[in-house]
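Chain nomenclature is as follows: A, B, C, D, E and F, assigned in order of appearance, with residue numbering initiated at 1 for each chain independently.
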Amino acid sequence: MKIIHILFHFTVFSFTVSYASINDFCVADLKAPNTPSGYACKPLASVTSDDFSFHGLVAANTNNSFKIGVATATVTNFPALNGLGISALRIDLDQDGLAPMHTHPDATELLSVVKGEITAGFLTPTSFYSKVLKSGDVFVFPQGMLHFAVNSGKGKATAFGAFSSENPTTHILDVLLFGNKLPSGLVSQTTLLDLAQVKKLKAKFGGSR
Amino acid sequence: MKIIHILFHFTVFSFTVSYASINDFCVADLKAPNTPSGYACKPLASVTSDDFSFHGLVAANTNNSFKIGVATATVTNFPALNGLGISALRIDLDQDGLAPMHTHPDATELLSVVKGEITAGFLTPTSFYSKVLKSGDVFVFPQGMLHFAVNSGKGKATAFGAFSSENPTTHILDVLLFGNKLPSGLVSQTTLLDLAQVKKLKAKFGGSR
Amino acid sequence: MKIIHILFHFTVFSFTVSYASINDFCVADLKAPNTPSGYACKPLASVTSDDFSFHGLVAANTNNSFKIGVATATVTNFPALNGLGISALRIDLDQDGLAPMHTHPDATELLSVVKGEITAGFLTPTSFYSKVLKSGDVFVFPQGMLHFAVNSGKGKATAFGAFSSENPTTHILDVLLFGNKLPSGLVSQTTLLDLAQVKKLKAKFGGSR
Amino acid sequence: MKIIHILFHFTVFSFTVSYASINDFCVADLKAPNTPSGYACKPLASVTSDDFSFHGLVAANTNNSFKIGVATATVTNFPALNGLGISALRIDLDQDGLAPMHTHPDATELLSVVKGEITAGFLTPTSFYSKVLKSGDVFVFPQGMLHFAVNSGKGKATAFGAFSSENPTTHILDVLLFGNKLPSGLVSQTTLLDLAQVKKLKAKFGGSR
Amino acid sequence: MKIIHILFHFTVFSFTVSYASINDFCVADLKAPNTPSGYACKPLASVTSDDFSFHGLVAANTNNSFKIGVATATVTNFPALNGLGISALRIDLDQDGLAPMHTHPDATELLSVVKGEITAGFLTPTSFYSKVLKSGDVFVFPQGMLHFAVNSGKGKATAFGAFSSENPTTHILDVLLFGNKLPSGLVSQTTLLDLAQVKKLKAKFGGSR
Amino acid sequence: MKIIHILFHFTVFSFTVSYASINDFCVADLKAPNTPSGYACKPLASVTSDDFSFHGLVAANTNNSFKIGVATATVTNFPALNGLGISALRIDLDQDGLAPMHTHPDATELLSVVKGEITAGFLTPTSFYSKVLKSGDVFVFPQGMLHFAVNSGKGKATAFGAFSSENPTTHILDVLLFGNKLPSGLVSQTTLLDLAQVKKLKAKFGGSR
């Protein structure tokens, strides 16, 4: 008898709950437009266990001039992160590899070194803060700071990290300054870099003359 | 001439900036009281590079009955995280080790497996979501969900993770229910667990009769 | 003359205002998908006075094994709450009735007793906080805490309450652990509950073996 | 043996937890200064069960010209609400009693009628929204809206309510306009109210000439 | 050789970035419905430089009974502000012009006087705060406060300002009280204004009897 | 009689209100430490009208190599802005003057041109957005974007602006890269700028070799 009552009770309850619990998480429907708070939620009925895991935070290809491999798990490839304010990354640096000066305008980054030696740092108007990190060390780059990471040891280096945003963006300084059509003269004028320097790097990063 | 003007300019500027830039980060003064938004900031003048790194996200002792080692880098041991909404953890599980059912009432958790095999999952009123994870896989436990992680492979397992809070708390279900002085009768009444079961676990977790 | 100018002025003004004032509130269009910040807004032109009131925060049926009746006014039945971060509830407990251990992962709950006597409490890793409440007393369950409420008096008890979210979810511990298909062995392993206890409650709460 | 290990484990664990769990709540130390996010937290060691309940959400004295009694449980008398974004109120209206036009600049208000009949409403630039409420009805006044509530029935009326802020303020229009030293001429000029009307109400609400 | 690698690298990178960078800004698609966090974002591919500038923060027509001209740049005419929490305004006051008592329920306002003399102030339950402002002076009206601004000098006055919301609303007290169909008796009852006064202003502001 | 009741009522009311209304604003006590949400509030009793106005948003000295004058009203010189999320600035550019490439890591900036012609723009990983602005035009630099402004007309130019933070910081690219002790080799390595270029600008901006 009691059991029937309980079941009835929870049947009624589940009805309410099935709507409400969509708020426990909001797996992104990436085909819907984004909003300032994130993507629209996929219907609860079509959410499965697979939505909550991401496959591929592995060593990425380092066959580029910075000798860096970056793998990320953010809302665009791991839609369950939508609205949760966090994402993951893995960085692999070959010997002499580095992450060039860049900012994440909308996220703090944590970096946990698991292999090798990495020198990480960030810049402020009055100082710079930098450390040599080894396995077991964590470094924090506060939101919006211009920062870098260099493999300062021998052999490869690997770090796991996280961003305080599910949809962080990466602004590499050289790409910003030299990878687009902003006239070289204007770049030079607003950075005080020599015009020849600007043109040399524009050639490298694909920006127009 | 120009240079002097520039220097003068930036001297004036730095004055303003030295106050303002304290907002770029707010390293916690842990001796000051906490507030709903975090601890008071350490004076900028006493902030050094050492503040932005934490030493010790290494394999923690697994010599306990859950065969789990947990190392965390949160605002209480890494004060630079104050106000930044993120923290880091490392979990090591011996063979047959596990993280028992628990919640983080104020943080989403990301878990990136780097070694071994971990079965992770969380529970909702209408379902449960669970996956077998291997190296390179990431799992997300949305904020406040009751969840677990079990070493489901052979040998040890290791994962790096992050919380979407600089000061997450961990509420292990058994500790909540059986580790304090809440009368066994009340625990039984409000969980429907048998009284004998409650007393058995109270004995194990140190709760009063 | 003056009046005409005024009217013209406010005609022009109203044009701007009619768009802008949709921000004063955002009545949910529940047929549109949810987002991390809530539902899309119903067009202002179709909002009426009826949208801002909800009918039915009355004594709910207590004919279930917990002898509890719960009525709620949340965004799913009271769409005007969308984006406003608050919702209402009413709890009725028959004699010996109770709200079993549960959490609201995304909301603080306030409970104001208006009739009878209720013993309310919540659990933390280091303590439990509990009070016997009578008419005129208010209790707060901070966000995400495992909590309970028991009719500890004679006769019925009633309380009005509120959540700090317009779309709170309720995670009843027994439903989470025993109402789904999570294998009994895994429940036992991650809670340290005896397997027999798990199976007994799974039978009661409808979970698979 | 196992038990000893467990205890050791949780002793170590509790150490971490005892610091961290201050974040689960932040009971206000009202003697410390306020900040934009609330008061500093009382030390965890001095928090007791008494902190989480408030005594006195009862019928307040209605012996005033509006025939209204208002009781509130906000952070200033219920410090556990600090940082939790919610507070409670009870309104009692004698026959013909009313809550005059007012705003809460920083909080949405929910009102649940439990006795009698109340006509509640709020004003926007393009419309007004108003309803006659009876027992079981809930009304929402979105944040910052100018609103009122009138006992429109026979006999007394009572409502329980909540604010979406732990520290709401109440700005009664008459008190704002007529209860201070703002010169009558300036009040008249900026409201278009007749000067005689302004002076009449200034006399009533204690404002200077 | 190196250059080719770099280009390859940034091609791969750009792919990721092109999705991610939609988070750097979210230009509103005003034809899509609003949400509590703002409008849906226009696709990145159709965003151009024109989206980030607004034309028309010029002296507005002051040919109305308040002798005020207001120009605003908010999300409804400047969609790039969507989600950014800021908007701009320009106020022009003829001699004897004024901004009558009003509130912005959801925004703080900053006012920078560039020409003439303006007396600005706001009201609280216990005081009023007011200043005579000249060119170079800035005044702040905290969110939700009832406030006013009067041209207290000779000749015209101009001020530039900003709101802490991209979609602020303006609630002019006279429009709220006298510009709609709320019965005059109810206005009088809830404001203590004389009925004749109410009817007189209703006639002026277009409200029904 | 009535009046006495009213006064009594409001005396009682004011008592409550006098505490509560501190939440309407929180004028900073700049001598107290900062927190992640801002400074502690000055006691309400010592707040005066003077707190809500700032004197000095005037043309600043442009006698420097960038020919720019910047005046700001932020929480550090205008403490009433504490917690309100907004601040003001005025920029004056002599002919050929400019604001060099910089970011505000924690604030969106709005710029309203009132005199002359200014070319403003910002950079993203995939594009740049730039406009020629004249009197009456507004431009928005979303939070954290690298941006610039150049006097592109004849004669002086002036703009008023606002930040979506009461405590914005300004990170001038040249100051970050060349104004501190970060070794020239490391700057060159992480920016791909030629070492000679780095040393040349270090000499100009006062950085160590």
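The working rule: contacts are C-beta pairs under 8 Å (C-beta built on N, C-alpha and C of every residue); 3 or more make two chains touch, one makes a residue touch a chain.
Just so it is clear, the structure is predicted and the values come from calculations on it, not from any experiment.
Listed here as common contacts of chain B and chain E: A, C, D, F. Repeated interface, listed pairs A-F, B-D or C-D, reference D-F: B-D, with more than half of the contact pairs matching by residue number. Work out the mean CA point of chain D and of chain E, and you get 27 Å between them. Centre-to-centre separation between chain C and chain E, using Cα means, comes to 34 Å. Rounded to whole angstrom, the centroid-to-centroid distance between chain A and chain B, based on C-alpha atoms, equals 20 Å.
For chain A, the set of residues that touch two or more other chains comprises 13, 17, 21, 24, 35-37, 105-106, 121, 124-126, 130, 142-145, 169-170, 172, 175, 179, 204. Inter-chain contacts occur between A-B, A-C, A-E, A-F, B-C, B-D, B-F, C-D, C-E, D-E, D-F, E-F.
If you check the complex, the residues on chain E that touch chain C are 33-37, 63-66, 72, 74, 76, 105-106, 165, 167-170, 172, 175, 179, 204-206.
Interface residues of chain E, counted against chain F in their complex, comprise 13-14, 17-18, 21, 24-25, 44, 47-58, 73, 78, 80-81, 84-88, 90, 108, 110, 112, 114, 120-122, 124-126, 129-131, 133, 135-140, 142-145, 160, 162-164. Taken together, the chain B residues at the contact with chain F in this complex read 2-3, 5-10, 13, 16-17, 19-24, 26, 29, 32, 35-41, 43, 82-83. Note for the complex: chain E touches chain D at residues 98, 100-101, 103-106, 121, 123-128, 130, 142-146, 148, 150, 169-177, 179-182, 186, 189-194, 197, 200-201, 204.
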